[in-house]
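What follows is chain A paired twice: with chain B in the first complex and chain C in the second.
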Partner chain A sequence: MKESFFRTMTWLHTWTGLLVCWLLMLIFFAGTLSYYRYEINLWMKPELHTNVLQQYQDLDLAQTLVQGQTYLADTAPGAKTWMLRLPTHRLPFVGYAWMDAPKEGERRGKFHEHIVTTEGEMISDVRATKGGHFFYRLHFDLHYLPVPLARYLVGFATMFMLLAIITGIVIHKRIFKDFFALRLKKGPRSWLDSHTLSSVLALPYHLMITYTGLITLMFMYMPSAMEATYDGNRKALQKEITPVSTPAKPSGTPGELVSLSTILPSVLEQAEGKPIRDIRIQNPLDANSQIQVVLRNDSRVADHEYQLLYQGTSGEFIGKVGDSPSSMGKAYDTMIGLHAGRFAEPTLRFALFLSGVLGCVMIASGTLLWSKKLRQKQQKQIDQGARPSLGLYITESLNLGVIAGLPIAAASYLWANRLLSADYAGRYDAEINLFFTGLGVTLLLAFLGRINWRGALLTGGLMWLGIPVLNALTSSENLITNIVKGQWFIAWIDLLALMVGGLMLLAASYCKRKIDNKVGNKHKTKVQDAPTTNSVKAAESAQAIKEHV
Partner chain B sequence: MHTQSAISLTSMRQKHGHTFTVINRTLAALVGGYLATASCAALLALILPMSTADSTLLAMMLSFALWASLAIYAFAAKSGTRVWILLATLIAISLVGVGAAQ
Partner chain C sequence: MVSILLPLTALNLSAFVIFALSSFSTYRELLGRAPTENTGKLLKIAAALLLTASLWLCVASKSWGLGLLLWFGNMTMTALLVALLLTLRDELKRKKPKRR
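Up next, the complex of A and B:
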């Protein structure tokens, strides 16, 4: 299309990246926060901050199961499903939960959960919040949009991302050398370096997360294969990949459930040392009830549930639902597992989180680089009093509004969680609306030219730094007591907030220095008129950028 | 004067030509590329020598790599016509294959 393959790929890289970068930024941002979905969840429910965290090893299994069964029989006799949730690395507490029978037109009934304290008391009154699940859903369902439309938009953006990554690799000649090159304070050169560095450093991650992202929704994006072989019937395909026995249908006659303690020895034997994640009881008070014991699988990457099935009234062992017999089924599970990272222990989780952050930096530095170059082209006219072109105005405003707006929005969401009264009826939606208010206001101010980078970063940084303080004031625990008690799961969000806030303030102070430097530089150029080594170098690097971008 | 207007005419034509090329290639990459990928995936799901469930999953999982390659080719190829010929051939072969295999 262009004169050379290289130029074509450069062109393609710029446009695939630029067209979707702000949507991608939102997707990456939400996805990165989703690594701490359950930590955010717990942080946003301060009612659960004291005497709730437990470890599986310290649990008296038989007692917990019997207590749970009795509690659910008293509290939710009419439920479709009971669930006894035991502590895992992602949900470190005991919960007794149930699901109502679905009402007409619903796929699933309403979910309720009461939490058990370490003292054996029940907590049933927890504030309504979407918690970390908001970011998880935002990552692929966006918000305010019909779900199918949102998912197609996200898929479209992801495909562009894949193209941008591949073309990015193609146009990158010195992948190893640039690994170590970060030339700071050199104008566009620095933006290019930070773009390259964030891209190359986490390249395997970027490729993996983009491709597996497409795989997670491939049944929606690429249904043709399934149309050809199964007439589009996903259930038929699913049945061949994972032969799960059909869930028990209620018979209509009441029946008595065995005590869970009687099947416990058999469960422990069949589980072969794997910890129990939760126990689900379908149609608990029916003659045809079924007990599903779900085992933990987080020592492996593949995202696949292991279950032991028992008949509910007799306690008879029905069978195991284990690995998929299909090798491609395993490959698929592994890709989903890689994307969701459910297996990741704290250190690996943090590494994944940092890679996600690098992804955000990659997108942000890419679009900033583009707008800097556009501004450079117009600088002469702008200096002479011309107004920036419409393209430049939109790009720069969107950059500021989205890049600084997203952390501001997330901080508003967390602040809303504590400032809205715990029993205010509309709080569930109000929290989410306040997220978008934070983003919307930043965007609006950016377009109106009423806020600059320094102001926005300063605001966001202070909001994030305030989060541990807010937590200390509105929770029964604070950062220090959480750490002293070893409740890292809750303390982590405060620590993360300090890191994010600190980084934003650092960036804000960098903006200030840059403004000072610019004033200083103008003086210098007046003094040194003759071309110096510096300006020769600058010309060289400008040339290098031209070749690159 | 005469030469000047001739030059501006060519540059205008070039500009329009560029717009056309971009739209043409983008359509080829997105629409044509998707259709070709979808039909190839359907064919692969039917003919790969493994169980139906396996071949279906594999075809779906590989499809995005194929689409990405086709999209890049759509921009990199010497002429837009070549791109469309390749895409049309892929679609035709796949659909005939799917018809025969089903």
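Up next, the complex of A and C:
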């Protein structure tokens, strides 16, 4: 019984993992980069690299708000909503934004934002780019696909991932014994080591991210409870969990908005020390306007908004929103908050990012392990001139195409951002298409056998290492000046690019030349068969462990 | 956050170094002799105590939510560091005989 249970779990682990691993790899890769989505955003808008970064505590609040109010009244008198965005740890600059009234058939109107420099000047002309939001959306909406289909695919893959993690824990008997063992250059053994190491070390993260990932879209995946109780009306449910203010309806008669500086003392008092994230004004030049002050809650995990509401023309305080969320609401917000990590300051964010990288390593090493084992089984026939089986051909090509292709694709995206002209009309979509071109070309070359691991990793590594150089050439700042000025928010992407590039080159140096052709493989087997002092040692210690147990 | 980051990392790092030492082969590799069964057990207990201490540190100075998150995150990072250092040591040792 026990043996057959163990076997069933192993089978389940292998096949749930293998079936979705390449899609999961894309999801994990995009999600991991999304931790730095605002950094990527800013990096991809070089117009904002000089004299833009500001900190909330250095700001003259009253002056900024009044300036914004005047500016928006001049620039966007007909807007549906004005937004005065103040610096946060994720958006470290001041922006005056507005949203047009939605056109027919649109859910929301168009969003515009002008950025304020530290000298009080306005920057309105910024290149069109999806920036880091692309990776964020790719993480759960994929691309080119209808959104519901994509989200079901992602949910399917996530459910399989959860299964794979749980069965993985069950079948990994030596979870603590092998805790620190990463034996390199030992064929499948090394891949198993890196698979278990990356899984076990970040296990709390993997469980958390997979489970909360399912929770984020739970109303879509398991709609029956909501259908039964609220007739499928998501808004009714949300209203019960977190009572949000009903948006003020425009009256049609014009009215004069109170100066924001007059309500500021009341805002600061009600905020009780919480910093202001942004101020939204609904129907700004209407008699029935409303001012919503959104406060930050940096000290908590839960992704929950506090708002203070003011009547627009009189400046009268209406009330607080989100002050006492229900326990269900809190639980939901906490899970979403955990998943998105919006609260995380730089060190924690980097830890989350590295855990995401470990997740990618876990997926990659798992599928590589599978294909290495399959190749080992067929090695004799292949050595005698037989062709690898179709399954082996497909997994090996997909492995190379996806694992090496994703970083190449992301690098192409960043390169495209700077190489496409800033005025080119189709650049927003062209950048994204170039991401998929990078991925597609790598996959195609992998299936045609025209590229090997070494070549692909070398290409990717050089592309990433080129990113800081590209930035220095096409932005008003470069890595050094950004660091000197303390603009870590922008410098970080360059630093990250150096790390990724360096790691890819390191990986390339580990790949033997021509690993995919027959001669190379024969050579490799020979090398492996020759007992090195180290493998003898490893065998000895394995023997010792057995005796010890 | 930074204020507890250093003591937390120190606690977790020492916990995982001791934890690594409690494994038979690592102990013999690093210290040159085999550990007795009791040594192994004692090391495991010591590591567990250190991890408990770091958990207490996290929860006491942060809320439960952030504290637990920080504790898990820091454990992942420190354990990864120990694992990579051990691997690096193996790699360096392997390269030496080739040069001779």
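Methods note: the second predicted complex is superposed on the first by the 506 of 549 C-alpha atoms of A that agree within 3 Å, B and C clash if a C-alpha of one lies under 4 Å from a C-alpha of the other, contacts with A are read in each partner's own complex, and residues count from 1 in each chain.
Methods note: contacts are C-beta pairs under 8 Å (C-beta built on N, C-alpha and C of every residue); 3 or more make two chains touch, one makes a residue touch a chain.
Owing to the predicted nature of the structure, the values given are computational and were not obtained by experimental measurement.
A.B. asks: Please indicate which partner A:A472 is in contact with in the superposed arrangement: first for chain B, second for chain C, both, or neither.
C.D. replies: Neither partner.
A.B. asks: Mind working out whether A:T347 is in touch with chain B, chain C, both or neither, as first, second, both or neither?
C.D. replies: Touch status of A:T347: second partner only.
A.B. asks: Just to be sure I read the superposition right, which of the two partners does A:V301 touch: chain B = first, chain C = second, or both, or neither?
C.D. replies: A:V301 contacts chain C only, not chain B.
A.B. asks: Of the two partner chains, chain B (first) and chain C (second), which one does A:Y205 touch, if any: first, second, both, or neither?
C.D. replies: second
A.B. asks: Report for A:S355: first if it touches chain B alone, second if chain C alone, otherwise both or neither.
C.D. replies: Once the two structures are laid over each other on A, A:S355 reaches chain C alone.
A.B. asks: On chain A, what residues does chain B touch that chain C touches as well?
C.D. replies: Shared contact residues on chain A (touching chain B in one complex, chain C in the other): none at all.
A.B. asks: For chain A, which residues are in contact with chain B within the complex?
C.D. replies: Listed in rising order, the residues of chain A that touch chain B are 1, 5, 8-9, 11-12, 159, 162-163, 166-167, 211, 214-215, 218-219, 221-222, 224-230, 237, 240-241, 326-329, 331-332, 335.
A.B. asks: Which stretch or stretches of chain B touch chain A in the complex?
C.D. replies: 21-22, 25, 37-39, 41-46, 50-61, 63-65, 67-68, 71-72, 75-77, 98, 102
A.B. asks: Where on chain A is chain C touching in the complex?
C.D. replies: Listed in rising order, the residues are 177, 179-184, 197, 201-202, 204-205, 299-302, 334, 338, 345, 347-348, 351-352, 354-355, 358, 532-534, 541, 544-545, 548.
A.B. asks: Quick one: in the complex, what on chain C touches chain A?
C.D. replies: For this pair, the touching residues of chain C are 1-2, 5, 16, 19-20, 23-26, 28-29, 34, 63, 65-66, 69-70, 72-77, 79-80, 82-84, 86-87, 90-91, 93-94, 97.
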